[in-house]
Each structure stands twice: as C-alpha cells, then as structure tokens.
C-alpha cells in the first residue's frame, strides 16, 4: 500500500472510539432533545396511565346502571356527569380508553405494516410481482365493505367466537383486506424513489434487496408512513364504533370512546348534554394529536436536513 | 493475448423519444451506436469525447445498469446480460461505477459511513465489527477524515461528495472500476492524490479502469489506451503516446488543441470547430463529424467511414487519413 | 405504452369478472335475503316468493343469469323499488356526484394551499393551528359536525336550509333552480370539505417538507422566482406525486355517495339508496351499484398509474 | 474596467450548526469584484467556495446554516439587509448563479424549456411565446443541438454536460451584472468548455458582466481570470492578479496547488500532492490552519493565525513567512 | 358499592327521577305562542308538509314493498272498509256489507257514483279485478287476500280457471265473495283499496303482472289526493282530488318530504308541519319550548317482546320463562331509561285495543327473589361461579338484538339483572333486521327482541303463536280459543274470549312481553281538526285538516 494508507490508519486510530456510539442512540438522543416530541410522547403515556390505572381510583368502577342518576351534568360526585343510565362518564371514559387505545394503535401498526410491506414489494420488484399484488389490490378495492362486515358478523356468530374477541379478529381481517389503498400509496412513492440515482447506486453496489428496501427506501418512506400512521390511529378508534354497529365491536356495557360518542348521536344529546360526547371526543383528539406531534418529532429526527 | 477483463462488442443503446400523454415513441436518441471496447486486466482505458456523446451511457450499459439495445458485454468472459439476477448481484462488487453526479447518487437519509460500509457487509467481505475501521481507512485514503463518517451527504461540499463516491467504489476491492469523471470536482491537490491512489491500486492489485474524463491532462497521465467518442460512435482509439503525439482524427486534434494550459495570457492556436453540434436523434449522414469538420469533403457527407487500423493499436474512423 | 394499456385493459376485464363473481357471492352469503325481513309473510308464502324471485336457485346459476343479463345491458328491476336499476341510478347518482365533485374540488384546493403554507411555515402558529383544527375535526364523527352546523347555520341563524336539495314544493326552473340547489348544497359541501381536507393537508404538508429541502428549490429561488411560484409550481409538482394515488380512489368516491352526509342532510344521493337496498337485500340494485363502483375503481387505479407516469417522467410503466 | 466594486464582501462568516458543533464553513473573508472583472476562487475542496457563493445569493439554508457576520455589498446596497422581495428582484436578474451539481439542481418533473423560460418571464417580462423563442436560442447558444426536443425533455434525459450547459443558459438568460459560476465547466469536454468560456468572455466585453468563477481547473483560471483568490479552510490565504499569482505563488498552499497540476505533454511518474489533511473544522484552534501540512512550518504558525497582508504588486498573502515581525519570533 | 353520594343530594335526585317517571303528557297540548312560528311555515297557506322516510316509488297498493309507499298510496286510494276508533270495521267506499249465515260469503254494497280521480266510474268490476289479480301466479307481494282462501282462488292461480269462482259481481254496485271457512279478519282484509280495471287491467294477461311496474309512478286512485309529482329521494307532492267521494280535502296541497332520521331541524325551522317523536320527557319539554307546535300523545297499536327459543331445553320450562319475566327490570329498561316513552306490556295487545284488559293479568313486577325462587324450583342451582346449573348444563341465555340505542340499554341493564339471578347472559347484536331475522330463522338463539307491526284486529297480534313462527309453542287450548274468537263477529263475545287468551298467554309466556311504545305527534299549531285514530294513525283525518 502507498504511503497514504499508512498515514490514514494513523488518523483513524488517533480519533477516540466514541464515534462508534450507535446511530440508534444518536437518534434517540436527538429525539429527547426535541421538546415537542417528548411532550407528545408524555401525553400518550399519560393517556395510557389514565386509562389503565385511572379507573382504579374511581368509586364507580362497577359501571352499574343507576336510574336515579340519569343524565346528570358534571358535579362534585361525577366530575364529568353521568350518562343516560346513570353511569359515571369519567370512569367510563377512562375504561373506554383501554380498548380504544389498544385497538387504535394495534390496528394502525398492523395495517401500516401490511400495507407498507406489500406496497414496497410491488413498487420495488415491479414486473410480475407488482402486477399480481396490484391486481389483487384492485380486486380487493372493488369489494364493498358492507356485505363483508355482515358476513363476518354472521360467521363469527356462527362459530361462537366470544364477543370480546370478535373485534380483534375483525380488525385483523380488515387490515388484511384493507391494505390496498395504503399499499398503492407506498408503491407510488416507491416508483419515484427507485428511479432516483441513489437507488441505481445500490444496484451497482450489488446490495441485497432487503437492505435496499430497509435501509434505503424505507427511510425515505418514513414521512409518508408517519402521516398515514397518525391519520390511521384516529380513524381506527372511531371506526371501532362502526364495527360495534355490525355487532362486531364490543358489547354495550363495555365502553369505548367510539361507542360513547355514538350513543350521543342525536340533536338533543348534542345540544343539551355535551358532557356525554365531549370527554370521549376530547380523549381521541388528545391521543391523536399527541401521537401526531410525536410523529412529527420522529420525522424531524429522521430527516437529516431538519434541525430543531 | 490473455482474456479481456471487459469486452464490449457492437454495443448499442437507443433511448426512445416520447411525446404526448400516452407517451408514444416518436424517435430514438442513439446515445451509443455500435461501440466496441476491449480492456485487458490491469489496463486503464480512457474515454474522452464530446459532452453528450454517450460516455456515461457506455459506462452504465457496460455494467448492466441500464439495458442495452444491442451488442454484447463480457466481463471476464461471462456475458453479464445473460446472468440471472442473483449471480449478477454477486458479481457486482467486482465491477464498480463511480457516478458522474455524486450528490444524486447518495441517499440523502443514509449516513456516509453506512453508505460506504453496507456493501462490504452485504457481500460478506469483512466482519461487521471491522466495518467502521475499514470505512475510516478508505475515507482517509480519499482525503476525508473519520469525523465525516456520521454525517449526511448534504453536509458535504461537492468535492467531498465525489470522494465519498470514490471511496464507496474502492472499499469493495473491485477488479474493474468505471469512473465517470471521478475527479472533476476536486481541487488539483486532492485530484493528484486520488490519481496517485488509482495508480497505486493498479500497481498493487492489478485494478482495471474505464476512465471517463474531460480533463485530457489527467487522462494522459493515467491511461494507457484512449478512445475518443463523438455522437455515440468511437472515432479514434490509440495508445496514449500515439494519441497525444499523432492524433489522426480531426475531432481528436480539435480536442487536444483546446486543452487550457495553466499559464495565464498564453496565446495558443486552437482548432475552432464550426457549426452546430448535431443531434444524436438525427445524426448526420456519412461521417457524423462532417458537419463540423474543417476538412470535410463530399465523400464524408455520403460515406460512413470505416473504423480502420492504422498500425499498432491505432484505429480511426476517418476518410482523410 | 399502448401495449401496456392493452395488457392492463385485459387484466382489468379479468379483474372485473372475478370481482363480479366475488361480489355476487358476498351478497348472496350475507345473512338474510329479500324475503327474510318481511315478517308478515307465512313460511309457505316465503318459500313461494323465493321460488318466484329465483332466490332458491343455486348460487352459480343465479350468477350466470345475472351476468348474462348484464351483458345484454339488462341490470334488472329493483325488487324493493320495483323499478329498473338503471333508472334508479340515473335518479340518484348525479345528486351524489354534484355534491362530491364540488366538495372534492374544494377539498383539494384548500388542502393544497393549507398544506403548502403549513409546510413552508413548519411549526409556526399557522401550522399549529391548522394541525389542531384538522385533528379536532378528525376526532369527532362526521354526524356531529353535521349536526353542529345545522344547529348553528340552519336552526339558529336560518342562513342555510337544514337539508334536502330543493325548497319543499318549489317549482323553480333555470337559474332560480340552480340557485336553490346551490343554497341547499352549501352545508353538506362545507361538511364534506371539512372532513376531507384534514388528511389531505397532512399528506401535502409532509411531502412539501421533503421537497422544499431539495437543491432544485434552491435553483428556483436563485432564478428570482417569487416564493409563491417556488412553492406552488416547483415544489408542489413534486409534492403532488404521492397524491396521484389518491386521485385514483377519488373516482369511485365521486359516484359512490356518502351515506352519513346524505343522511344528515337528507340529500337524495346514491349512498342512501345503496344503504336502503342493502338493508332489504335488494340484490339487483346492490349488484348493479357495486359493479358500477367496481368499474370506476378499476378505471381509477388505471388512471392513477398512467397519471403517475405523466406527472413523474422518471417513472416507467 | 472601473475601479469601484460591483460586489464587495466584507468580513463574511457563514456557519453551520451540526450535531457535533458549529462548522465555520466561511470564516471572515473579504473580497471584491469590479464591473467587468473576472475573479476566480480556487482552493481546497470543502474550503467554503460554494458556501461563499450561496451566501451572496442569500440561499444559505436555515435553520442549520446562518450568516453569522459580514456585509455583502452589491451595487451599493447590502444584500443581507434587503427585503425578501427586493432580493428576489435582484436574484436571477442582476446576480445569477450556476450551481455545482446540475443534476440535482434542476427540477426533475418540469421540462427544461419551462425551467428556462421562468426567469425570462419574470425579469424580462416576456410573454410565453417570446420566452419560448428565447429559450431555443439559448439552448443553441450553449452548443446543444435539437433545441426543440431538449426544451421538451426532462432533466434525467440529458447528459451531465448538457445539464450543466442548461444551467449556464438559465444563468445568462437575463444578462446579469454578476455571474457566479460554481465549477461551470467541469462536466464539459474541452472543445465545448472553450466555446462556453469564449461565450462568457464575450458577454463580459459586451455587457460589462462581472464573473465570480469558482473552479479547480487552473488552466481555466489562467485563461479566464483577472484576479485570483485562494481559499483554504474557510479563509482566504492568498489573492492577487492572475499573472502575478501564477508566476509568484507565495503561500505554501498555493505553491503546492500549482505543483499538483498535471500538465499535458509533461508526463510524470507520480503527481505531486500536498501531504496531510485539512484540519477538522470542529477542532480549529488559533493557528495557521495549514501548518500541519506546511513544509515551512514555524512555531508561530501553530499558535497564531496569520493576517492577510499586502506583499507586493497588490498581491496579498496570509502567511507568517512574509511577516517581518514573525521572523523575530522564530 | 355505589358510594359517594350523601343524603341531601340523593333525595333531591330522587325527586327529579320521579318527575321523569310520571307520565309526561296525557292529552293534547296546544301551542301557546303561534308568533314563534318560523316564517317558512307562516307563509304556507294551502300546503301541508309532512316528513316521510324515502318512499320507493311503487305507489300501487298491493304491489309496493316498502311500507313508506303505503303511506303515499293511503292518500291516493280509499279502502272499501275502514276501522273506527276502536278498531272495528266501518263503512267507506262500501256503504254496507252483509255476511251470509255460514259466515263465509261477504256481499259489499258500494256507494253510488264512485269515481276514480280521472273521473272514470268505480264499480264492482274494479273490485273483482283487484281481488282477481292478487291471485295471479306471478303476484309476488304480501297481500293477505290470497291467503283468505277465497273459493276458486287456488284454481285460478294454478291456471285451471279463467276467473275466481268465489268472486261474483252482482251489479255495478254490488259484489260478493265467498271464502272457504269463516274468518273474522276477512272483512278488513277484503275491504281494502280498489284498482281501476280500465287502467291497471288494460294489458293484463294471466301470469304476467310485469307491466304493472310501469304504472307504479303514475297511480290512478280514488282517495282524497292525487299525485302531482314524485321527486325521488326528495318529495312526493299531492293535490286535492276533486272526485273524492267524500268531497275534496280542505287543504289543497299536501307534500311528503323525504327525511331520514332526525327531523328536529325541520320542525324547528318550520320546513315540515307534522312529525312524530318518541314521547320522552326531554322531547316533550323541548317541543313545548318551541311554542308553536301542538303536541298530541299517542300509543300505537303494537307491542314488543322477547322471543324465547322454546326448542331449547331450559326455555321449554314455563318456570324459567316466568323467572326471566320477573328477573328483568323492565321498568328500568323500557320506562325509566326511556324517560317515560314506554309502558310495560304483559299481553299481546296494545292498551288502545278494544280487547285490552288487565284483569287477571300477572304484571310480573321486577323481583329477583321471585325469579330466583322459580329457577330454584325448576331445578337450576347456583354453581361455583354463581351461574346456575342443571344436569351439568349451565344456564346460559344467548340474546340477539338489532343495533339500536334501545338494545344498548337493554343489554346494559339485562346483564346486571341476569347476573343477579345467576344466569349467564350472552348478548349479540346485529346490524340490521334482516340478519337478525335470518339468525332467528336458523334457531340459534335463546332470546331475541322483536316488535310487531301495526295491529288492527286483536287476532293480528296472536297469529305468531299459531302458525309455527314461534317454534315449539303448541298449546291446543290456545288454538281452540283463537279459532273460537275468529269464528264469531260478535264483539262482546270476542272480547271475552280474547281476555281468556291473554290470561293464558300471560301465564304461558311463549314470548316475554316487554313494552309498548309511546310517541307524541307534534304539529304546526295552525293545523286544525287533526285527530288520530289508534289503528289508522292520522291517515284518515288528513283530508279534514285545515290551516288557520
């Protein structure tokens, strides 16, 4: 080797090994510096605590019907009032969060995962794989969801699946058939990306497909995925109440944010009893916005050109 | 004669010209039109020529980065266009391309340490624990320091990015490097360093280069054989000494006379090419160069000149020599 | 390209055929049929009617009959409405289309403008305000927003009619008719726009943030272009690329109608018709409508693929 | 050539805030360009040439980058204190810039023709038709054939050299008073390079356009420049008239640079290159930044930064070798 | 466990709770302040607007599938026989009728000079035509006339006869019809709308009724109003029929405005003149506060029940069914949670029916003890987990309901109720009635919520116990009484028999009776002469309405 090489090793060894600190740790450090992201994350944690631990401190955890306490406005005993069966709204909102948060996040993770995977594969490999995946997507897109839900309802009832589990199964199935729109978006983005010169460079380097997808394409999809994910969570929480409309959600005494809002779906409750729908609505809002702020922070951290 | 490392035969690459909403093809850009190059192991072949004459396209098609239209490319005897994808991928580290535009060839979201090291990992050329040191080493040999390793591409200057591109190719210990203007954005001192590095690597490891450049002084220094391209075709190839001492083709002569000399206010005779540069979509008849050639005759307009051997390794496509 | 088109059209036909079979089976498998819901009928009469309607034939046979008729342009009579399916479409679909096209246009317009500005002024007050607004709108189901606006704008202030498409009993024609319709569609359009604008804005904002960091934006600025031009021509054209996929989904949505909006505002649209026919399992109408949407979906995706290529010249199809 | 300056940069500092610390990409530099003059900036790759140019254009990207200090005086007004609108009317019109990397500097989804016609429409108030016509002329002017087709194509369909020429065409389209050219001919073959350089010179003599030319090609410098500025590590280390500077390079870095250049028909076994590395911009200490690589390094070089001083014939150098007092310290 | 409330506040709350439970409105509430009437409603002089769920547009009686089309056709057609306030038959197009000794032949005498709205005469031929085509083999709807067993009907349907032999046109004003066996409901069933033979029978060929579909939207009737315009999804417009046999209605124009769901905004803005609401306290209060509406309470002639699957072992036992009736807090579910918009039902007849009685009826007042006791007696004893068991089987009740706020309340309260009596309650909800009905058809359920449609004759509410719809209920005593009640046309006698039937069913509980609905009609205070009949609703009074 020429003399330069010798000098080189010098330079390399001169520098402390600290540089070796993992990139992940760097990202996390950067994330922690981002006040907004930390704030958003804190709110999410708070919501979780509130929902999973909060009800333990409530005197109304049994969720008992109490006809003498129907539709009371917020007062000292019932901080957020009572609903039309005299149940404490605050307790119910907290209990509802357990399911809503789980469902929202789980269904988001699942559908983003499936959609991204299939979209990425289609957009990346093109050719036959793309054709097959996208044509299946087309087919799935043409299927109306209404009869599908009815059939699920009937089947699950036929198979005697306990009502408590149905929702999760349905969410799973819905993610399994609901990927086309997400996959198409991911694929679209990927079609642009794969023509960029840096992807040509990865071909020249002979990188493995997995690395190309995970290390090169995925980071460039992150902004899109974060948007999709944050939009998805709110949607999933609300759509849970749609599922219960088909008998596929939770059963009535069990509250969710979605079905609590749903129960107030009429002019009178809307006008006269805001305490019935404002608290669950606000909970969804707070969760969604907190997750979104966190997502924005994450996005900035992963965006090399952003500095906050 | 030993087996050629890279053997390009009658390579053609046409790009369709599209028009309208449904992108009907209305014509073709003959970016590379019937070019043959044979490069022996350990040799440096310089490719010079008009901008837009298809040099980069030759480089890209030579490693099957874009599909060819016709012709044959053999790397160490294997036809790379007939290789199945996985085998081709495994062959990749042996033939590297240094991109002309370094910035767009770097993923904006990948730190350069990773960008350089990942291929080594993927091909299992070194254990994961050594990667960082290997990267630092190659960075240093390209004149970059190890503190650059965790930065993103946009934090570098043009020349620094170019060196990253070089480092990324070198780190794989390739046998063939197609370098598309690798030193154009470097200051002369670093340029010298890189060129020296290239020579040293060639001496020690028998590396082979297809070196695309506009800087004839660099080409002269580095290359043993040189080809001159004009409008998708090769117009002259010769050994370095032949070409620089006895250029035969009028275009080569014009090129050599136009090289700027770093002596201020020096007045030199330059062969000035007349006329507009013709279009590769609609190349002139006969000799493609006739529209701008100071010596063109009627014959040049009508007849396509044959690529003739003028003795030794000197080939030229011109009616007048 | 044209060979690509031919191939795609071939696939498309195949997809539609497969879709029709699948959809037919889905509807057939949905619990209950047109007869089940009528509790006035005795079991014998039910059996008799099923025979009459051909509901007791094997699934595949029913499908073949339907397909055969459909190929001959005969989409049958709605069982519930006792009218030709096509005529019913014609009566309802345009109302939905009107609402959708106007609100889609507004949605995109507003989302583009807000998205671009929010990205440009990332983390400014404007951006924060928009984000809060968007998520507030998304956290509350659409019927609440509808009820809220009806309460404020129609009931309390009486500025806009609370629903419907015409003033009841009105015989207006020409310009007066047009005015009446516009007056009535204002509220539903506002709500639909409000609902759609949120997610689109987020997409545009996110894409814009990426795009405005690119070197070519710097070039555009160096040319002395006004910031508006830089953002809305140079940056937006790139930021719109991912949204093209959404355009594909937009097409079926234009004709699909929105059940909730139509219900809240009593808009005589196809969404309601679909829901009604579903609750009574009016198979001819359901099949007709769903296949219509399926055709639009397939066309939409094809269109978006082609558009993608047009909008991003680098993408090969 | 008049004596007042068209562009006068005074004590410009441009910094980048990175994770690891502040990178002083440009550190207290001053230079001026007179009307009709061609000033060349040469220097180590990464020494801050492009950043200087971008600072003049007002295109340093916030929030990471910032102009920490200085005045950029153009035609009697400080560009740094101008309103955005005012600056915009100058950009592309009075000052135009050719960017270093043409491929990423052109919008991938807009046709070449449209990108070229924009400044014409804004600054020259042309209508679409006129602009179209002018675009075709410009494409031909920079030596590209089939202008109609090129105008309709997208950036990825052109070769590197063609794109660079398109950038040049955009920059000169509005007859700017000052052209900042960041390595404008690196991707061009020498015949076209010569053609372009001739064209720029012609422009200069026709319309008194000044050029701030950034290049590594010392041949081009020799051919074009009136005045040369040599930068190293964010600072100016030497400047002077081109003939003088090439004949008598004073700063060891300049000397090294000139020695490194391979010259056609003068073949060497190995090219000379300046040994060592540029110091880490994050760990700079009060010293001559070149001292680690300098053959003539003295003690003072390690501890004190040499000022940029007049040496002879208007040539300035920042090197302790030429300081009278410095010798005392040795 | 419901801690945290102190005495003072809980007593106050009790007070209001009581107020909510007290019947909210017993008689017509007159609008106190007509000046508050919105300008839109104020300006209408000769038009009345009512809301109606989207009619389908098949306005020919006997041929529409959607009940809302029935609302439209009831304004366009007048029946031969109507019902009075007690639900007893009353003359309409038919001036009078005779019943033969064997109670099998009805002879209807039509009014003179009856006309269709186009002026053409309405005669016995039209009536005969109407009855005849309902026997066509391609008739695909749910009219009950073909089920009456008219003599010769089956032959006609089979294509063996060219007329229905039991239908005889005696003269243009007289027609007789003979049915196979006596049936007390036959009079009202037969006494329905009349189709014009000239209009609807022009293209009639046996076995082909397809052509009638083309006439659905251009009906030719003889009722108080004629259709002027049908705008699908928006409105149905009517104008007075000058040829109506009782004289043209008082208000010239009538409009049904299509509306789904909430109609509050239309009432508040005066867009519609009439709407019905669930009789909850807050609805009533809100309506009262509007000031410009008259409010009329009304209990429709229907009842709701929990259908019990009598084929399931546990539910076969009457004691278990009774235990459920005791163990469900129906008061809370249907009355209190509904703010008084309901009443508890214990028999299959509405309180407004002439046959209604409370005599000897067990009210099954909520009592967990009684329920427990009955279950104990039935041999169901509590297991380790508190759930009752018998022969190793757990007492599980699988409930089906269709998704509605009412169902949500039911499930919430019933879950607690059933827990208290050691029953494992497993609710399931379905999105629409159809899915529910098909699940019930399949027999995979224990309990399912249902409501009857509008009942006119007391027997209407009983058929379900008879015809096998409720599988597994087979009580010869009931069948005997049922037939007895139908075999006579003597009201007093029928009343007595029905009393017996109700007591029988109240004890047997083939279904668990739950509740009656209560509604209020709210209408523009300018409307005069609005009356409501328990069995016809407001339809018969519409022609009388005037605007003040």
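General observations
Per-chain residue numbering starts at 1, and chain names A, B, C, D and E are given in the order in which the chains are listed.
Please note the rule applied: a contact is a pair of C-beta atoms (placed from the backbone, for glycine too) under 8 Å apart; a residue touches a chain by one contact, two chains touch by 3 or more.
Chain labels with UniProt names: A = Dipeptide transport system permease protein DppC; B = Putative peptide ABC transporter ATP-binding protein; C = Dipeptide transport system permease protein; D = Putative ABC transporter ATP-binding protein.
Small disclaimer: the values here were computed from a predicted structure and weren't measured.
Distance from the centre of chain D peaks at E, each centre being the average of the chain's Cα atoms.
Of all chains, E has its CA centroid at the greatest distance from the CA centroid of chain B. Taking each chain's centre as the average of its CA atoms, chain C and chain E sit 37 Å apart. With centres taken as mean Cα positions, chain E sits 88 Å from chain B.
A straight line joining the Cα centres of chain B and chain D is 27 Å long.
Looking at chain E, one finds that residues 262, 265, 430, 432, 435, 438-439 touch two or more other chains.
Touching two or more other chains at once are residues 7, 11, 26, 150, 153-154, 195-197, 267, 303, 305, 308 of chain A.
Counting partners per residue, chain C has 30-31, 147, 151, 213, 215, 241, 278, 312, 314 as the residues that reach two or more other chains. Those residues of chain A whose C-beta lies close enough to touch chain C in the complex are 36, 131, 134-135, 137-139, 141-144, 146-148, 150-151, 153-154, 181, 184-185, 187-189, 191-192, 195-196, 223-224, 226-227, 230-231, 234-235, 238, 241, 261-262, 265, 267, 270-271, 277, 281-282, 284-285, 288-289, 292, 299, 303, 305-306, 308. Residues 59-60, 62, 64-70, 72, 77, 84-85, 149-150, 153-154, 157-158, 163, 244-247, 251-253, 263, 266-268, 272 of chain A are the ones that touch chain E when the two sit in their complex. By the touch criterion stated above, chain A contacts chain D in their complex at residues 7, 11, 26, 30, 195, 197, 305, 307-308. Contact residues of chain E toward chain A in the complex are 1-5, 9-10, 13-14, 17, 20, 262, 264-265, 282-283, 286, 332, 336-337, 339, 403, 405, 407-409, 411-413, 415-416, 426-432, 435, 438-439, 444.
Residues of chain C touching chain D in their complex: 213-216, 218-227, 229, 233-234, 237-238, 241, 311-314.
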